[in-house]
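Two complexes come next, and they have one chain in common, subunit A, joined by subunit B in the first and subunit C in the second.
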Partner chain A sequence: MPTISRAEVAHLARLARLAVTEEELDLFASQLEVILTSVARVGEVAAADIPPTSHAVGLTDVFRADVTRPGLTQQQALSGAYATEDGRFRVPRILDES
Partner chain B sequence: MTAALMDYDEVLERFDPVLGLEVHVELSTATKMFCGCANVFGTPPNTQVCPTCLGLPGALPVLNGVAVESAMRIGLALNCSIAPWCRFARKNYFYPDMPKNFQTSQYDEPIAVNGSLAVELSDGSVFTVAIERAHMEEDTGKSLHVGGADGRIHGASHSLLDYNRAGVPLIEVVTKPIEGAGARAPEIARAYVTALRDLLRALGVSDVRMDQGSMRCDANVSLMPRGSSTFGTRTETKNVNSLRSVERAVRYEMCRQGAVLASGGRIVQETRHFDEAGGTTSAGRRKETSEDYRYFPEPDLVPIAPSDAWVQRLRATLPELPWQRRARAKTEWGLSDLELRDLVNAGALDLIAATVDAGAPAAEARSWWVSYLSQQTNSRGVELADLPITPAQVARVIALVAEGALTNNLARQVVDGVLAKEGEPDEVVAAHGLAVVSDDAALTAAVEQALAAAPDIADKIRGGKLAAAGAIVGAVMKATGGQANAQRVRELVLALVSA
Partner chain C sequence: MTRLTRWSAAELAARIHAQDITAVEVTRAHLDRITAVDPALHAFLHLDAPAALAAAAAVDDGLRRGDPPASPLAGVPLAIKDVFTTIDMPTTCGSRTLQGWRPPYDATVTRKLRAAGVVIVGKTNMDEFAMGSSTENSAYGPTRNPWDLDRVPGGSGGGSAAAVAAFEVPLAVGTDTGGSIRQPSAVTGTVGVKPTYGGVSRYGLVAFSSSLDQGGPVARTVLDAALLHEVIGGYDPLDSTSIDAPVPPVVQAARAGAAGDLTGIRVGVVSQFGGDGYQPGVLNAFEVAVSRLRELGAQVVEVSCPSFDHALPAYYLIAPSECSSNLARFDGMRYGLRVGDDGNRSAEEVMALTREAGFGPEVKRRIMLGTYALSAGYYDAYYGQAQKVRTLIIRDFAAAFERVDVLVSPTTPTTAFRIGERVDDPLAMYLSDLCTIPANLAGNAALSVPAGLSDDDGLPVGLQVMAPALADDRAYRVAAAYEVARDGAEGGPLAQRVPDLEVVGR
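This part shows the complex of A and B:
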């Protein structure tokens, strides 16, 4: 039975850059608990002979030829940007980020 | 702020250094790792981008097959085992150098593991560095920090992002902890990166230009008290952008950490920044909380499962590797151990071999790289391999001299032109009119003039002192700016005097 603490919700919120209120910490902790408990039921039917899987299709080795394809122009690339400068995306200063 | 440093010898008396080197290499594929955007250095910002490498919604990655083969060839050349099955993972983080908010990398399933690289040191001894893994990932975009000092992140008002480099195929080669290096730790670090660079160059998988960032080294350094077998806390120094800097950064960290530990302090596990100018390291961003990248298998890329046949086929494509080439050069060029070591230390061996492969005689190839071109590296402060001249261009200059089209003096001027990025040797010759003058009419006039200006010397030659002809030849060479064919001038002098 998974349990998720308020501290874990706060950690996840910080990683996701979400501002979460004190009340929301409790709310999300209980909601995430329900989700994790539901998903955990998969583990009850997965026997030892069933390997974990990351892909729905059984394919391997799907490759692309190393041939250039036209992409976007600088104007197109920057068209959705919030702010630009000198042909580049302009973002707020980056400090204390990893 | 200058850190206290312990004397290097004292560091070694009290501590054993442990190194770990992480080298990132950009592959020289035509396209990026997961999209068909061109992989070219130095184009205008955000002109080699597409929905996939910009992380636009709905865009899907497709793996570059050549990049995978390059990774496997690197692994094989490093004596690694190739994983029979591996995947990519998402490394999740918020930092604008990756527009997707994650970097696609290999995490716990690298494509190549458990290898080694034998590294030759300046005294001729060999130190074997164990390789932990070589894995595939994608490079990040380039950030430009505006408003702070020196483009550094501290004090910047905002940052500008260019995603041309985002998604460029990257191989990270990670060593196992290098122990027992002792006093030679800095040298071993440098020699390892040099050997890896030469290996990658021989494989033809990367242009390995540290000055352009296509090869980058992070150096992990820690000290443990002598006699102990418990590793100390390590620091990771980034931004080490030349072979010389690798050596300096390791040595500096050893002395800095020695001083901290001796004064009862403790080493903080942190990322440090190497300052090229001062040869020092400084603390970088210190993280408040431990990293939590929430790696998980990349659902948009299927696993890679190299068959034995595929691995064997790639193994057969490995070229002559540096250490094999060294052994061959020794026998074929008749070099002594010392001569060979000098060439290796000067970084000249592969360049000479490539010049020979391009058709030049070994003696001439060796002479150019170890004398004139080596002098150019001293005045420019770069490595031989980073000079803007290729072995093929050197071979062409040698051929022009052999044909009699250039004198040695002119050949050096042609090489200067190539180094000044004026074009191919033949273009420099044409642009500056550097070809040897063999035109008899022009030369005869110059010889007559020189003889008339020095009647006493002309008399000496007439009197049988043929050695005196040298003075006339010299005068003609001077008058023609070194462009005369000296052999022909001499013939003309003797012919005219006796006429």
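This part shows the complex of A and C:
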């Protein structure tokens, strides 16, 4: 039976880029444990020699002709941006400068 | 004039195309109905009356000029689940993250509806990013069930189902990842169809779980659903998982089924879907439905699909895993919400603050669950094993469809539950999808058709009909025959028995 600690939830939240609150850590730790215990039942299925299915339809690479086709204009692409500068997305600093 | 809202899409289209009534009159009647009842229901997140009336007027103008209608549904009003992009209306997915977001492009489904002359009146409420079974996970408040305003309309597409059930629109579009079209249809007394995976383009459908998501029709009659299916279905080069094959002949099948003869059709009752955990009134309604199928000439047998018992846990590993990956796009950088950008914080800090503020509890739970299931050390035991179970479910369907033409079950184990009843118990909520999930995992076609009212609480029950991949027409044929028999036996369509929500004294 899987157990999941507060510290593990904090780690998952970090991986998932979620700045969860202290209260959420407690709530999600208990809820995720209940859910994981339930879904862990898939492990009871004897499936060692069963191939996995990632997709219901047989997927193969899909190609298209290498020709230009209309896409978004720069203005359209930027239309939902929180901030723009010089016709580009303006984002917070990426590198740690401290 | 409000009575126009009681007509089916097929009837409305016929009258509009014959120029007995105008598309503008029809649209106005539905907009009036929305004004009257939506304050109580909250099925819509966005309405665009001027655009709807303009689209309707364009249909009328064309007909007056003598142009043939653009499609069998030209001039008929419709609502779109707020998960399909629309260039002229916000697309929020029921999330704060996308509050007010105006997409720079139309989904293929949206584009096809416009080209078909269908009148888009607005966008419907949904569980955030389609994660939920009650529409309570919407950041904009719950939608209520027109059969009982204290109850949920199902989810995630509760807005589309409630809007159709309450005669706000005759048609709506939904999406079904684990039952989000069929389960709301079951609990609101409407018809909801999950087409074969790949049958309706996902281009412009904001992704939750890409290998499972599928758009489909919501209607009050099987024929109306089929007419909409043919408008939105078909190959789309913009969706790499789109099936390059003709849309199955679902309209023809619905018309053939309405003749009320199922002689020679083999129907399998899934033995796994019944017993403990199922509401007695739901099981009783299902038994009556199965005996009607028998009376229609179908040969009914019981079919065991043992792997279906593992479908729910497999789904709640696969869907969250795909969701944790898909929702990584909501990073606050290019569109949508951004929080905490004070000039000092890094992009990574802003991203984490934005996602924390923008997502509701269920979305966060699923993202973390998926992150866990995909983690090194757990991958094989969880995600890998779930994918193997998926194979076993596909095999169970294949074996079943060698013996029978369609499978049937209740659509969902209970009738509509009360608002608030399951919000703090995610697992109880997940059980709503018990019977609908196998068809998502296997990718085949499945629908829910009203099966009367439960004898213990008087609320709608759905009959689920499942057909093999690309044999969507089979499910339509059986559902249409059943619909005619049920309506005949009960003195009219179930959908017409919904309580009138008009404010008293108006």
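Following the convention adopted for this analysis, the second predicted complex is superposed on the first by the 94 of 98 C-alpha atoms of A that agree within 3 Å, B and C clash if a C-alpha of one lies under 4 Å from a C-alpha of the other, contacts with A are read in each partner's own complex, and residues count from 1 in each chain.
One rule holds for everything that comes next: contacts are C-beta pairs under 8 Å (C-beta built on N, C-alpha and C of every residue); 3 or more make two chains touch, one makes a residue touch a chain.
Keep in mind that what you see is a predicted model, and the values were worked out from it rather than measured.
Peer 1: Does the superposition put A:54 against subunit B (first), subunit C (second), both, or neither?
Peer 2: In the superposition, A:54 contacts both subunit B and subunit C.
Peer 1: Now for A:64: first (subunit B), second (subunit C), both, or neither, which partner does it touch?
Peer 2: Both partners.
Peer 1: Tell me the contact category for A:88 with respect to subunit B and subunit C: first, second, both or neither.
Peer 2: So A:88 only meets subunit B here.
Peer 1: After superposing on the shared chain, does subunit C or subunit B touch more subunit A residues?
Peer 2: Tallying touched residues of subunit A, the top partner is C.
Peer 1: Would you sort A:9 into first (subunit B), second (subunit C), both or neither based on which partner it touches?
Peer 2: After superposing on A, A:9 lies in contact with subunit C but is clear of subunit B.
Peer 1: Counting only touches as set out at the top, which of subunit B and subunit C does A:34 meet: first, second, both, neither?
Peer 2: Only subunit C is touched by A:34; subunit B is not.
Peer 1: Once chain A of both complexes is superposed, is A:72 in touch with subunit B (first), subunit C (second), both, or neither?
Peer 2: Both partners, subunit B and subunit C.
Peer 1: Intersection of subunit A residues contacting subunit B with those contacting subunit C?
Peer 2: Dual-contact residues (subunit A): 14-15, 17, 54-55, 57, 59, 62, 64, 72, 77, 80, 89, 91-96.
Peer 1: For the complex, give me every residue of subunit A touching subunit C.
Peer 2: Answer in residue numbers: 4, 8-9, 12-21, 24, 27-28, 31-32, 34-36, 38-43, 45, 47, 50-57, 59, 62, 64, 72, 76-77, 79-83, 89, 91-96.
Peer 1: Which residues of subunit B touch subunit A in their complex?
Peer 2: 29-31, 35-38, 44-51, 53-54, 56, 62-68, 85, 87, 92-96, 99, 143-147, 153-154, 156-163, 285, 287-289, 291-292, 294, 296-297, 299, 301-306
Peer 1: Quick check on the complex: what are the subunit C residues that touch subunit A?
Peer 2: Answer in residue numbers: 101-105, 197-198, 211-212, 237, 240-241, 243, 307, 310, 313-314, 316-317, 324, 328, 331-338, 341, 343, 345-353, 355-356, 359, 361, 364-365, 367-369, 371-372, 375, 381-382, 384-392, 394, 426-427, 430, 441-444, 469.
Peer 1: For subunit A, which residues count as touching subunit B in their complex?
Peer 2: Residues of subunit A touching subunit B: 11, 14-15, 17, 54-55, 57, 59-69, 71-74, 77-78, 80, 85-98.
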